[in-house]
């Protein structure tokens, strides 16, 4: 029985604060499912805002889309290697450090593979850039779905992959999400100057010795990790809203990179919390069991529309 | 299963010929989209169809009394068409009015529309579970339940696209290759642009039944890439794209049917349906890789 | 009123781009039968003038007339050769298909190109010396050959006025010779050719009329009259040392 059962939207928040107090004061505390969802989505929102900001500014969002598709292969490879998986009904073991490591390594590998194949098609075979990336990720994704269907013997696995299942998240999933969020925070802080310069001034970057290629690949590695973390919660496609929505909304409100990232993090997290609260509200009041991930996306879209209107009205 | 039976058998020919016609439509338009360097627009359009699909399903549940598969197909297509155009309109607004770069606009629209669709779908999941499953089949395509009526339906839609391209061949070629020149000669550039967008949306909406929402954009990308490696004449390029699409549609169906049978036999439990979409996409990808290799080898032998 | 001898007549033309004036109050008249050079430094508005003439840009004010008539009445008599960079040469197109495009304007929407059109295209290809390259893909041509293909396309239009945007940039000697011969032939037939040109050194070889621009009109007239030190200074801010020894 979840402590949030039967709560309406505003009741949800009062319950949340009660629980917050409870978590600090009491020794016997375990996370309710709604709280796990909030923590997971917020963690994903933080990672997404960090990498998404640079993706948007460097006009590489399609690469983000591509990676979120091809990552499926990375997850399958991890499954084959460790016999543990974050896919569907296959038994999900505790996220041992080894497991997270192999998952991240595999995702990095697939990210590099995607980049390599795209570059080969574009540079060596002189194919158009848009067609190159489109061909690579749709093919790798189709391959992934086929393999996943064969391995899990579940013909509906494809659906689960694109829909995610926020409601099925466990405490173990939080570990993966927050390890990745921490990683992204550290890497972004560490390489901040480099990211900044290679994004805005290619010539200056070259003069100062910052390798544009290095930062591109670093960003792609971070994106790969981010989408792996988001995979189970929101699935392949909705993570793209996490990556672009809050950043685009924040962009209407500020042009300063620092503020943009922080604002994106705040907006993304807020949408996540509101989304979970709304999901609970719809269940309690209307008896509708809606996709929480979907609701968060709807909220993010709404926030985007509102900020766009505000900016447009100001002129 | 002999290959001929795929065209004659009452159960098989609907899916097979239907898929072939759909993929041919997508690939033909894909060729034009390819030369306009808008290959990724298909991604946005296809994902934007998803909420419309669900709306079509809802509409069907209100209108239809008995099991009318054709009505369902048509309503789904209308809904999909509507939201796809809406998505395209949003991408335009994002780019023109809000000064958002093209790639971010596409990605945001495609994912948010899809998310809205998922929210709607989750609602339908419990209220109309039978219909929900039918709608979800459009995610990766399920040609299996198509009948002869669909062959006529999709054949007509392919014909519309073919006629449009044949009649406006000169305009499409000139506007795509050299827009300013086309304007200087007095061609109706804006009107043709609009027509092409409508045709692209139509092709996508037609394609999602066989390949599914998630993967249909690859039918606009892979066959044209393959065709491009085999010819440098524009007219031939269009024809080859269509043919390769046709072939992919067949191969994909053949593979998924054979694999489904193989697996159903093994599992013995519920009938295992291998989704059509990925098989068609992989077939197209295979043909594409084959063409790329062919071109590379030909280049090497030419040089030596 | 019919003014058949005036190929181009511009009256008080002003063009803005995002609130900044690019061309101001241009008024000029050019008689037919000349090879006209449109000269000026970068950003002077040369290509802008061309685009306005072709209806690709909307001016803020002013009128442009060809033989005394507005563009839409005489479109079929005007041919445009854009810059080579305006086009993606990797497009799946053969030389023959590119040149055939020149026939499309006269066909209108519902007619298809027939045998006669292909023959005209082949003839124009022959005129520019590209017959051996007829079925090649356009990226397989050199820069000069590509320019010639563009010229062949324009010739297919059988127009009376030709607008060319920097056709002499980066071409080989053969191309230059062929092109100049064709231009002189066009002049002999009474046609008028307008060429946006950036290289001062070659101006007096090619043109017999010049339009000199620098945001506004410096001069428009016969080569001998208009192409002098005073106008060159006003246009470019300097005179190339090699020009007037």
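We just call them A, B and C in the order they show up, numbering each chain from 1.
We adopt the following convention: contacts are C-beta pairs under 8 Å (C-beta built on N, C-alpha and C of every residue); 3 or more make two chains touch, one makes a residue touch a chain.
All figures in this text were calculated on a predicted structure; none of them were measured in a lab.
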| item | value |
| --- | --- |
| From chain A, the most remote chain by mean C-alpha position | C |
| Middle chain, criterion being Cα centroid separation | B |
| Rounded Å distance, chain B centre to chain C centre (Cα mean) | 43 |
| Cα-centroid distance, chain A relative to chain B, in whole angstrom | 27 |
| Centroid spacing, where centroids are CA-atom means, of chain A and chain C in whole angstrom | 53 |
| Junction residues of chain C, two or more chains touched | none |
| For chain B, residues that touch 2 or more chains besides their own | 37 |
| Interface hub residues of chain A, defined as touching at least two other chains | 128 |
| Touching residues on chain B, where the partner in the complex is chain C | 35, 37, 167-171, 173-174, 176-178, 180-181, 183-188, 228, 231-235, 237 |
| Residues on chain C engaged by chain B in the complex (per definition of touch) | 51, 54-56, 72, 75-76, 78, 80, 82, 86-88, 91-94, 97-98, 101, 104-105, 107, 109-110, 112-113, 135, 137, 157 |
| Chain A residues within the chain B interface of the complex | 56, 59-62, 64-65, 121, 125, 127-128, 130-131, 133-135, 138-139, 141-143, 145-146, 149, 153, 155-156, 158-159, 162-163, 237-241, 243-245, 248, 252, 288-291, 293-298, 300-301, 304, 308, 311-312 |
| Chain A-facing residues of chain B, complex | 34, 37-40, 42-43, 47, 97-98, 100-101, 103-104, 106-108, 110-112, 114-123, 125-126, 136, 139-140, 214-215, 217-218, 221-222, 224-225, 263, 267, 272-275, 277-279, 281-282, 285, 288, 292, 295-296 |
